[in-house]
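Two complexes come next, and they have one chain in common, chain A, joined by chain B in the first and chain C in the second.
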Partner chain A sequence: MSFWRRLRKFPFLSWLWLIIGALYFVLPLIATLEFSLSWDPELPLKAYQRAFEDNDFWETFLYSNALAVATIVVSVILIVPTAYWIRLRLPEARRLVEFITLMPFVVPAIILVFGLIRIYSSSLDVPFTEIELMPPLTNFKMGTNILIVAGYTVLAMPYMYRSVDTGMRTVDIRTLTEAAQSLGASWFTIIARIILPNIRSALLSGALLTFAIVVGEVTLASFLGVDAFGPYLFLIGQHRAYEPAALSFVTFLLTWLAMGLIQLFTGGQGQAAGAH
Partner chain B sequence: MAQTALTLKKNDGTAANWRTWLGIAPFLLFAVLFLFLPSLRLFTASFTDPDGNFTLNNIIQLFSEPFIVNAYKLSIQISAVTALGGGILGFLMAYAVTVGGLPRSLRSVLITFSGVASNFAGVPLAFAFVATIGRQGFITHILRDYFGLNIYDHGFNLYSFAGLSLVYMYFQFPLMVLIMAPALDGLKREWREAAENLGATTAQYWLRVAFPVLLPSILGAMILLFGNAFGAYATAYALTGGRIGIVTIQIGAQIRGDVLYNPGLGYAMAIGMVVIMAISLAGYSWLQAKTERWLR
Partner chain C sequence: MSYLSLTNVTKQFGDTVVVDSFNLEMEKGEFVSFLGPSGCGKTTTLRMVAGFEVPTSGTIKLDGVDITDKAPNQRNVGMIFQAYALFPNMTVAQNIGFGLKVRKMPSEEAKERVNEMISLINLEKHAHKYPYQLSGGQQQRVSLARALAIRPDVLLLDEPLSALDAKIRVSLRAEIRAIQKRLGITAIFVTHDQEEALSISDRIVVMNVGEMEQVGTPFEIYNFPKTQFVANFVGSLNNADAEVVDPANGILAMDGVHFKTADEGMKNRRKGEQVKISVRPERFSFAVEPLKDNVVESTIENITFLGSVVRIQISIGSTKFNMDTFNNPFLELPAIGAKEKVMCSKEAVLVL
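Right, the complex of A and B next:
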């Protein structure tokens, strides 16, 4: 009797959906791992060894990490003071800024890079003269670095803004600001030494998400001709079999690490980004 | 303290306003330089002929040139199929871990997994699927060796519509889970109790109460998934090397070299895409706002 009752209450269907989804999720990872280990039965880690021995891997990977750090720094400098100011003094700008931060969903990476290239592949001249103010950004290394970090900052904007704004909601910005001002703190001090530390877990989650978007991004990187990790992975995928599988698995682990840390620090909602 | 805050606020509301706006000027300047100007440039260029005069020709050709019409058709089909498929699977999984009676601990595991999967895209995702159901893939071999079924003899091809849809699903259904789990949490226990007290069966409860309440949210999420797939470029490019003619791939080809032999048409194609993305985002926010009436 009680067995049957318990059986009837057992959520078969729920388990079924969960298992189907879990298989969808896990099988490609198992397949990738299995394939990456199958190069040489004597030396299962050969693909990983070879992949890590390649200098280009380290160069592109470190470069992508540097781009990610630059993007995070630029995003924080742009977004934290803006979100702070909106909460403190300029609530009427909220709708406008939220609208802007949603724009990257409307302008996907491929369109963004199209527009960036069209604008910044010509030089900036003083109107009606031949005097050149700035050479085309796409023509020199620093220029493409600026463009790509700007582009990544745009792509990360929805996630960064949302994280920061949510983080500030739980902090009494006004009181903190007034207290700091009455002690003679400057705006810079207030933001850098009072606001930032108070929203650090929100910042961290925004930063990790940005990291997950930027490392491995291909669209902007390949069209701007930047030697980043994404294009490198694509390139070795054309010529090799086992190393790309190994690096794909490593990339997955890194994404996993970033998301796990976000979960740990925010203790709740996962977020989704879009570098598809 | 509250008094000071109040007076502060009052002062801001008056004439010295432009100074206050200066506070967000750096952000606005950045958005203009790296988001609006590039978009605007594509927009104006799509209304310009090669001689620099205004024209509507590019927009008209968008609907008549078979090459472009087919690209849009294919993109819309893939996005719709994966939004529907990913939406259904994602909804069922979100249902399973929220109100479906599974242990609560599974919920946070699934949410984290979904966060990872929805961010796992592009080149590594394409490679993972090649290793899974490519010609020499793990599943392909299992099906062949243990079930005597060679899917490649039966018309399956990873580098085609079906294959790409299967790959897109990998980041589609987790996104659905992430959106739907909070919405399902919003279903009030009282509604179910009330329905049961009135003699409703489980099926009736779902059909007449829960589903209608959730419908805007489900539709909205699926529209978001649609846009998510529609804008995807890297995954398709990495998987097919540009051999599948969806809109993003064709735009990519147009950036690399003027394959349409008409730059203006390339810009128009990009703008057409922005319009579709804008419609889907607007649809999502509209439906999301409708949902909030019930689910808070």
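Right, the complex of A and C next:
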């Protein structure tokens, strides 16, 4: 009797949809894993071994990681004070800024990269003279690095701004600022010691999204001609069979690891924020 | 010379005058409350002293120095907020030490000061807790300690008790007053609660729509209100219309019943002039002394038991008044509808 009653209460339909949804994501992953292990039946991990043996893999992967870290630092420096100031003093500018931060969703990356190349492939001179203020950035390695980090900062802006802004909504920015000011704190101290620590979890998730975007990005990297991880994966995908499957499975694992770490780090913080 | 002075301080937001030529001279160690309904400009005035708002005109001087345009972080002013405003990422001890760290006080000295402050507010056991682990009352005490740790020139309290429940509100206000007296610190306390202002202050500034209505000691504000607004806002009050009968002797008529008043302003009034009179409920009593100034016939309309006080509604002529009398177990209350003689002194009758 009770078994049938329980059965009737069981939400079949919800579970059905959950399973269909899960299959949609998990099946390709299982297929990828299965394929990556099928190169040599004697040596199931051969694809992984080959992929990791490639020197280009490590070089491009580490380079993209460095680009991601630089992008995150630049984004935080640009976006945290902006979002903070808008919340504190310019709430009427919020809609405009939100619109601007959404632009990278509307304007494709290809347009961004052509714009960057067009402007920065010639030198910047003092008007009507031959005096050069800035050499063409596309002509040397460091210049290209600056360009690509700037481009990535734009691409990451929607995610970073939204995360930071949401994080600031959970704390009473204005009162905390005034309390700190009355205790003698400068703007720099307020942002570094009060604002940043209190939006830590929001910053972490913004940083993770930025990281994911930068490490897999192809368009900017290939048009600016840098040896980043995105173009490398693209190249491998065209010329090899088993290694790309191995690499994409590893990438998935890394993403999950990062998400797990965020959960781990923000657990306590979430509790603290919940009390307010 | 006074320690803190506000001279003709005016604040406008667009066309709206929020504070209109505010003048106040405060002595060192004085505790002054700004009392008024919401939107009366009391918080804006406080925020101008703190430096969060810049006056449209007027000057603010602290210890002889003009601080009108100084940034808030250059003023050495302690501020306490209704919402506690503790830093959620820091422990109690770190919160209290924040101002000292900003001032680059040597760590040994800062540690000592933090411990001193923690024992001042009796939170020794909670020094390493985070704000979210504390109750509202405890959080506000930490906020008090944090503001006092920097040894501020002035302590500003912006409705600090409004978010707390009744019992804690009463005990914390006594604690705040005791600490303020002990340290001899100059303090401004903003509140909309008249009982709070009366119980805690040396002087009260009563404000209404941006203007100062009256400045005085709690005793003066309660017993000798200068305007109708002050009389009504502070304490409860009976109001009635009356006519001047004899200005020289202070005789008024209300519904044909004569009342005597000690009000000074009566001499300047004309016979036949219509005025408003006000009498506090506790100034009425049943007539047992026949020689009192105003002994009048009344009808008992209603009796409400309020705990320590019994409120009796009486009518004199056609006007209803409240009369408060202290409760005691042997109190003999009259029946509803009974006729009783009531009295009040001529000083109790205010003409506003």
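Criterion: the second predicted complex is superposed on the first by the 233 of 276 C-alpha atoms of A that agree within 3 Å, B and C clash if a C-alpha of one lies under 4 Å from a C-alpha of the other, contacts with A are read in each partner's own complex, and residues count from 1 in each chain.
Quick note on the criterion: a residue touches a chain if its C-beta (ideal position, glycine included) is under 8 Å from a C-beta of that chain, and two chains touch if they have at least 3 such contacts.
All values derive from a computational prediction rather than experimental measurement.
When the two complexes are overlaid on their common chain A, residue A:Thr189 makes contact with chain C while staying clear of chain B. Comparing chain B with chain C, the partner in contact with more residues of chain A is B.
Contacts of A:Val218 after superposition on the shared chain: chain B is touched, whereas chain C is not. When the two structures are aligned on the shared chain, A:Asn198 is found in touch with chain C, with no touch to chain B.
Legend: residue contacts after superposition of the two complexes on their common chain; A:Val106 is shown touching chain B, with no touch to chain C.
Once the two complexes are overlaid on the shared chain, A:Trp17 sits against chain B while remaining clear of chain C.
By the document's definition of touching, of the two partners only chain C reaches A:Leu176; chain B does not.
Across the two superposed structures, the residue set of chain A contacted by chain B and also by chain C is 175, 178, 271-276.
Residue ranges on chain B touching chain A, taken from their complex, read 1, 4-5, 12, 20-21, 23-24, 26-28, 30-31, 33-35, 37-39, 41-42, 45, 89-90, 92-93, 95-97, 100-102, 106, 108, 110-129, 131-132, 137-139, 168-171, 173-175, 177-178, 182, 227-235, 237-238, 241, 248, 251-252, 255-256, 270, 273-274, 277-278, 281. Chain A contributes residues 171-172, 175-176, 178-186, 189, 193-194, 197-198, 200, 271-276 to its touches with chain C in the complex. Chain A meets chain B in the complex at residues 9, 11, 13-15, 17-18, 20-22, 24-25, 27-32, 34-36, 78-79, 81-82, 85-86, 89-90, 93, 97, 100, 102-119, 150-151, 153-154, 174-175, 178, 209, 212-213, 216-219, 223, 230, 233-234, 237-238, 244-245, 247-249, 251-252, 255-256, 258-260, 262-263, 269-276. Of all the residues in chain C, the ones that touch chain A in their complex are 50-52, 71-79, 81, 83, 85-89, 98-99, 102-103, 130-132, 143, 146-147, 150, 156.
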